[in-house]
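Below you'll find the structures, each written out as C-alpha cells.
Next, two complexes with subunit A in common: one pairs it with subunit B, the other with subunit C.
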Partner chain A sequence: MTASLTVPFTRVSPRLIPYLLSIPALGLLSILAIALASLFAASFRGDSGALGVDQYRNIIGDPTYRGYFLKSIKIAAYACVGSIIFGCPIAYYMEFTSRSRRRLILMFIVLLLFSDYVMRVYSLILMIGNNGIINRALLWLGLVHEPVHIIYSELGVVIGLILGNGPFMILSVSSILGRIDPHLGQAASLLGAGKWAVFFRILLPLSAPGIVGGSIIVLLLSLNAYLTPELLGGGFVRMIASFVYDEAISSWNLPLASAAAAILLVIACIIVVTINGFADWLGRRIGIIPVKR
Partner chain B sequence: MRTSKEPSAGRKPALCTRKAGAVVALLLGACLWSPSLQAQEKVVVFTFGGTWLDYMKKDIIEPFQKETGIQVEARVFQNTMEGLAQLKAQKNNLNVDVWATSPIPALLAAKEGLSDPLSASELSNAQYLPTSLVKPEYVGWYKFFFGVVYNKAAVPGGIRTWKDLWSPDLKGKLGLPTAAYGQGKFVVLLNWLAGGTEQNADPGFALVKTLTPNAAAFFHSDTEESKFLESGEIAVASFMMVGDYLPMAESGKYEFVAPDPYVPTTVDCFALLKGKNHENGLKFINYALGKAAQEAFAADGAVLPINSQAAAPASLAKYAPPESHYRYVDEGAAADHLQGWIERWNKEVQVQ
Partner chain C sequence: MRGRNPIPAAIRAVGLGAIVALALPLVFITVISFNTTTSLVFPPSGFSLRWYVNIFSTDQFLDGFYYSGYLALASTIVGLVAGTAVAFAIVRYRFIGRNVVNVLVMAPLIVPEVVMGLALLVWFSSSTMGLGNVALITLHALLVLPYIVRIVVASLQRMDKNLEDAATLLGASPVRAVMWVTLPMISNGLAAATVFALVISFQDFTATIFLITQRQTLPVAIFGYIRTDNDPTIAALSTLLIGIAGLTVWLIDRTLGVERVR
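And now, the complex of A and B:
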C-alpha cells in the first residue's frame, strides 16, 4: 500500500515535492488574484467607458454612498462589541465548567453554526418581530400598548449579526483559554489575588489574542453582511453589501459596484492591520508579547 | 506477494481491457461531441424556480417533451435581473436557449446582444396573441396584475382605492416594494397616481415621500411580501400579484382588492437567446403559447392567459377587475429609466 502511494513521486526530487503539492493552492490564489485585479480594473471604468477615478469620486462625494460605508462600519462595530460582551462570558464559562457541560455548549455552538442561516434569522423574526413572542407577551401582560419596534431597524440587524457571528468569538476565545496553564490562576490565588484580580490581571490579558482574533472575524463578517440587513433591516438599513448587490445586479452598474467593493476591501485591510497593531501594542504593554529590541 | 489481479501478473488481459476501454471512450466522446445530435435532442430553458418551475414542468415541459421528443433542461434564477447578470457573464458562449423572464430584462438582454429577434411568422400561435405582445425582443407569455392585500382584522375600514394607502390609520402598517421589485412597477404606479408618466418620475417620487411614514418594511420579493403579511409584520401588502394572494385566501383573514382607478398590468414573456438550440427554442416557445399549455399554466399559476383562444382560470374571476381597469406599463420607457429609479429610490425613499 505504501509502495503504491509513493509511486508517482519516485522520479521526482524530494526537494520539489512541496512545490508540486502547492500547485493547487497556487492555482486557487491565482484565480483569486485575477478576480481581484478584474474588480479593481472595472472600478476604474468611468460612466462613458473612459478610464479614470470617476466611480471613486462618485462614492466619496456622495453623502448617501458615504453613509452606507459609515453605517456598515458602525453596525459592524456594535456587532463586534456585542459579540465580546455576550461571547466572552460563555467562553469563560465553558472553560471552567465540567467537561460534559463544555461538550454540550460546544455542540450547541457548532449546531448553531451549521444550521441554515436564513432559518436562524427567521427564527429571530418569530422571537423579536412586531408579532413575535416577546412583543405578544409584553402586550398580553399589558406592559406596552403597541409592539416594541425591535426589528426592521439597526438594532434588529445588530442582534442578527451577534447571533450569526457571535459563535466565532466564543470559539476563538475558548481555543485560547484552553491553552492557558490552569496553575497560573491557582498560584495567583495562593499569593492572595481575589477572583476578579485573577480574571482581570491573568485570564483577560492571556485570552486577549482570542478576543482580537474573534473581533477581526466578527468585524469582517459583519462589515460584509448582506443577508442579515436584508432580512432584519426591513429595507431601512442599507449596508454596503446591499448597495454593491443592487448596483451590480439590479442597476447593472458594475464599475460603481466594483469601486464600492474595492473601498470595502481597503477598509477591511485597514481594520485588520489596526486591530493587529493595537493588539501588539497592548500585548507588549501588559507583558504577554516580548518587547522588540 | 502478488495476486493474479495485479498488473504484472496479467499483462495481456489488462492491455485488452485498456484497448476496449479506449474504444468505448472514443465512441462516447464522438457521440457527446456531435453538435447536430445535441441540437436535435434538447432545449435549455432559463426560468423562475419554486412553484413556478413546478407548474412549468407539469403544464409545459413534460407535455412538450412527450409531444416532440425534445428534452428540456431547466435552469433556475432567483430574480430576473440576477438572471440577466448571469447571462451577461456567459455572453460569448451562451448555453441557454429560452429565457422565461419579464419584458424589461428581455429588452436589456436584446440591447446587450444576448437574444435573437423573434417574429410572428416563426410562431404559429402568435396569431392568437395581441400584436403588441409579439416584439423582436420578446413574446408575451401570460398577463398578471397587482393589487392590495390587507389583514381584515388590522384594517377594519378596508381599502378600496390606492389613495387609501395614505390614510393616517395605516401608519407603520404598510409593506412597500423596493424600486427594483417588479422592475419598477410600483414607481410607475406612483407616477400615474401623481399625474406623471414613465418618462418623468419626479411626481411619483414626490408622492412616495408622503407615503413612507406608513411603511413598516420594504420587500424585495413576492415571498418576502407574503411572509411579512402572514407573520403580522405588516397589515397591508401594498403591491401584490393576485396569484400570490390565492394561497392565503383560504384562511379568510385577508382580502384582495384591485383598487380604483386602475391596476398596473404587465406580462411575463419569453426571449429567444443566442443559445445552441435555436429551432428547439422556437418550438418550445410556440408550445407554451398554445391553448392547452396556456390554460393549464394560467390555472396553476393564477395568471391570465394571453392566447385569445384560451379561457381565463375560474379562480381569478372573483378578483379580476373590469377590462377598463387594466393599465399597461410602458416597458420600453421603464427599461430606459429603471437604473435611475433604483438609485434615486435608495437615496430618497428607503432611508430611516
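And now, the complex of A and C:
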C-alpha cells in the first residue's frame, strides 16, 4: 500500500505527504497566528508609543472600562443559565417524541441557525419591543396601561442572547441524549423510580457533557456579542465587543482595542479550560466519561 | 424509547413553550412583511408585495447580497481546498505532529470573533496588502475551516477505505483513486460542508465589521438599515432570507441528513 502510494510522488517520500496535505490549512492558520501576534504587540504599545503595559493598566484601572468586562461576563453567565433552562427542555422534548416530529424540530433549530442573525434580533424587537406585539396585546386586553419595558435593558440583551445562541445548547444536549441507552430509564422506572427521579438521577447526569459543551459555546458567543447589545440594549448596555469596535474603528486607538481584545481572548481560554476541567472532574465524580466532540 | 414518555410533563411543557417562543418572531415577521402600511403594525391592515419590490430597488441590499455572495463563494473554495486536504492528512496518515494539526484547525472556534476581526485588522492594515477583499476572504476562510474539517473528517472516517484500496490494487494511481473513488463517495459530506461554509460566511457580522472598508456585506447593510429606516422592507428581506435558509436546511437534510448536524 505504502509502496503504491509513492507512484505519482516519485520524488516525494510518502512520509512527507501528510505534511504537504496540511500546508494550505496551516498557511491559513499561520496568518491568524501572525495576526494574533501583532495584536498582542500592538497591545503593549504604551500611551507615549514606548513599550509598556499602559493599555492594560488603563483598562483595569478605569471603572468604566473594567465595567464593560464585568457586565459582559455577568450577561454571558445569565444567557448561559437561561439557555440551559429553556434549551434543555427542548432537547428532552425532541429526543423523546416521535421520529418524524424530532426531525421537524431539528430542521427548525437548524433553520434558526441558518437564518441571518441581524434579522433574528430584529424580529425580537417586533415581538417584545415597546411598540411590539406583546405590548400591543397587553394594552388591548387592558392588562397594562403603558407599555412594559422589556428591551433596551440588560434583560432585553439576555433574552436576545438566549434566543440567538440557545439553539447551540439544544443541538449540543440533544446530540448527547441520542447516545444514551434508552433501557437505563426503562430499567429505573421498572424498578419503581418515578419520572422525576429518572430525570434527575439518570437523564440529567448523563446529558451533562452536552450541557457543558453547549455552555462553552453559549458563553463564548455571548461574551463576544456585538449586535445583540447594540440593537436590544438601546445604548444602555455596552459590552466588550462594542468597546473594542468603537476604540478600533471610531477612535482608531488600536493599542487600547488590542489590549481589550487580548483580555477577552484570555477570558475565553480560561472559560474553555475551567469548564472542561470541571466536566472531567464531574465525570470522574459521577462515573461518566465525558463525550469528546 | 418505547412505551410511556419518560420525561416529566412539566419539562415537556417548558420545551414545547420554548419552541413556540423561538418560532413566533419568525411567524410575525413573515406576516408583517405582507402589510400595506409603513408602520410595523399587527394585525396587518391589508396584503401587499410592495416591500418585496422595495428590496430590489434598494441598492445597499442588492450590492450587499452580491458582495456577501462573492465573499462566501471565495472563502468556501479556499476553505474546501485547505480543509479537505488537511482532513485527508488527519484521517489517512499517522505522522509526527498530527495531534497538533488536529488541535490547530479547530483553534479558530475558540478565538472570539471580535479578537479575530481586530487581529486581522491590525495585521492587514499594517502590511503592504492593506484591507480589502483578501483580508475578508482570509477571515471568512478561517471562520469556515473548522466546520469543513470536522464534516469531511467524519465523512472520511465513515467511508469504506477498502474501495479506495481496491481501485489502487486494480492499477489506479492513488491520485486517480482519490479523485474517482474517494471524493465521489464523500460527496455528500463535501456538499454539506459547502452549504455550512456558505451559510457561515454569508451571515458573519461580528468579525466582518472590523474589515469592512467601502463595500458592505448584506448583514452589515441590514444592520445599517435597521438603525436609520424603519419600515417593513426589512421584514420582507427577512422573510426571503428565512426562505433561503429553509432551502439550505432541506439541502443539508438531503445530503448529510439533518440528524447528523448535531
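One rule holds in what follows: the second predicted complex is superposed on the first by the 275 of 293 C-alpha atoms of A that agree within 3 Å, B and C clash if a C-alpha of one lies under 4 Å from a C-alpha of the other, contacts with A are read in each partner's own complex, and residues count from 1 in each chain.
Assume contacts are C-beta pairs under 8 Å (C-beta built on N, C-alpha and C of every residue); 3 or more make two chains touch, one makes a residue touch a chain.
Since the structure is predicted, the reported quantities are computational estimates derived from the model, not experimental observations.
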Looking at the combined model built on subunit A, do subunit B and subunit C fit side by side or clash? clash
On the A-aligned overlay, A:237 touches which partner chain: subunit B = first, subunit C = second, or both, or neither? first
Examine A:108 and indicate which partner it touches, taking first as subunit B and second as subunit C; both and neither are also allowed. second
Figure out whether A:249 sits in contact with subunit B (first) or subunit C (second), or with both, or with neither. both
After lining up the shared chain so the two structures overlap, which partner does A:78 touch, if you call subunit B first and subunit C second: first, second, both or neither? neither
A:153 contacts which: subunit B (first), subunit C (second), both, neither? first
Have a look at where A:261 lands relative to subunit B and subunit C in the superposition and call it first, second, both or neither. second
Examine A:126 and indicate which partner it touches, taking first as subunit B and second as subunit C; both and neither are also allowed. both
Specify the partner with more touching residues on subunit A, choosing between subunit B and subunit C. C
For subunit A, what residues appear in both contact lists, the one with subunit B and the one with subunit C? 126, 131, 230, 248-249
Of all residues in subunit A, which touch subunit B in the complex? 64, 125-126, 129-131, 151-154, 230, 234-238, 243, 246, 248-253
Contact footprint of subunit A on subunit C as seen in their complex: 1-3, 5-8, 11-12, 14-16, 18-19, 21-26, 28-29, 32, 40-42, 78, 81-83, 85-86, 88-89, 92-93, 95, 97-98, 101, 104-105, 107-108, 110-116, 118-124, 126, 138, 141-142, 145, 149, 165, 168-169, 173-175, 199, 203, 205-206, 209-210, 218-219, 222-223, 226, 234-235, 237-238, 241-242, 245-246, 248-250, 252-253, 258-259, 261-262
Please output the residues of subunit B touching subunit A within their complex, sorted ascending. 81-82, 84-85, 108, 176, 178, 180, 215-220, 231-233, 338-339, 342-343, 346-347, 350-352
Which bits of subunit A are touching subunit C when the two form their complex? 1, 4-5, 7-8, 15, 17-19, 21-29, 31-32, 34-36, 38-39, 42, 85-87, 89-94, 96-97, 103, 105-112, 114-120, 122-124, 126-127, 131, 133, 136, 163, 166-167, 171-172, 174-175, 178, 182, 185-186, 189, 195-196, 198-199, 203, 220, 223-227, 230-231, 240-241, 244-245, 248-249, 254, 257-258, 261-262, 264-265, 268-269, 272
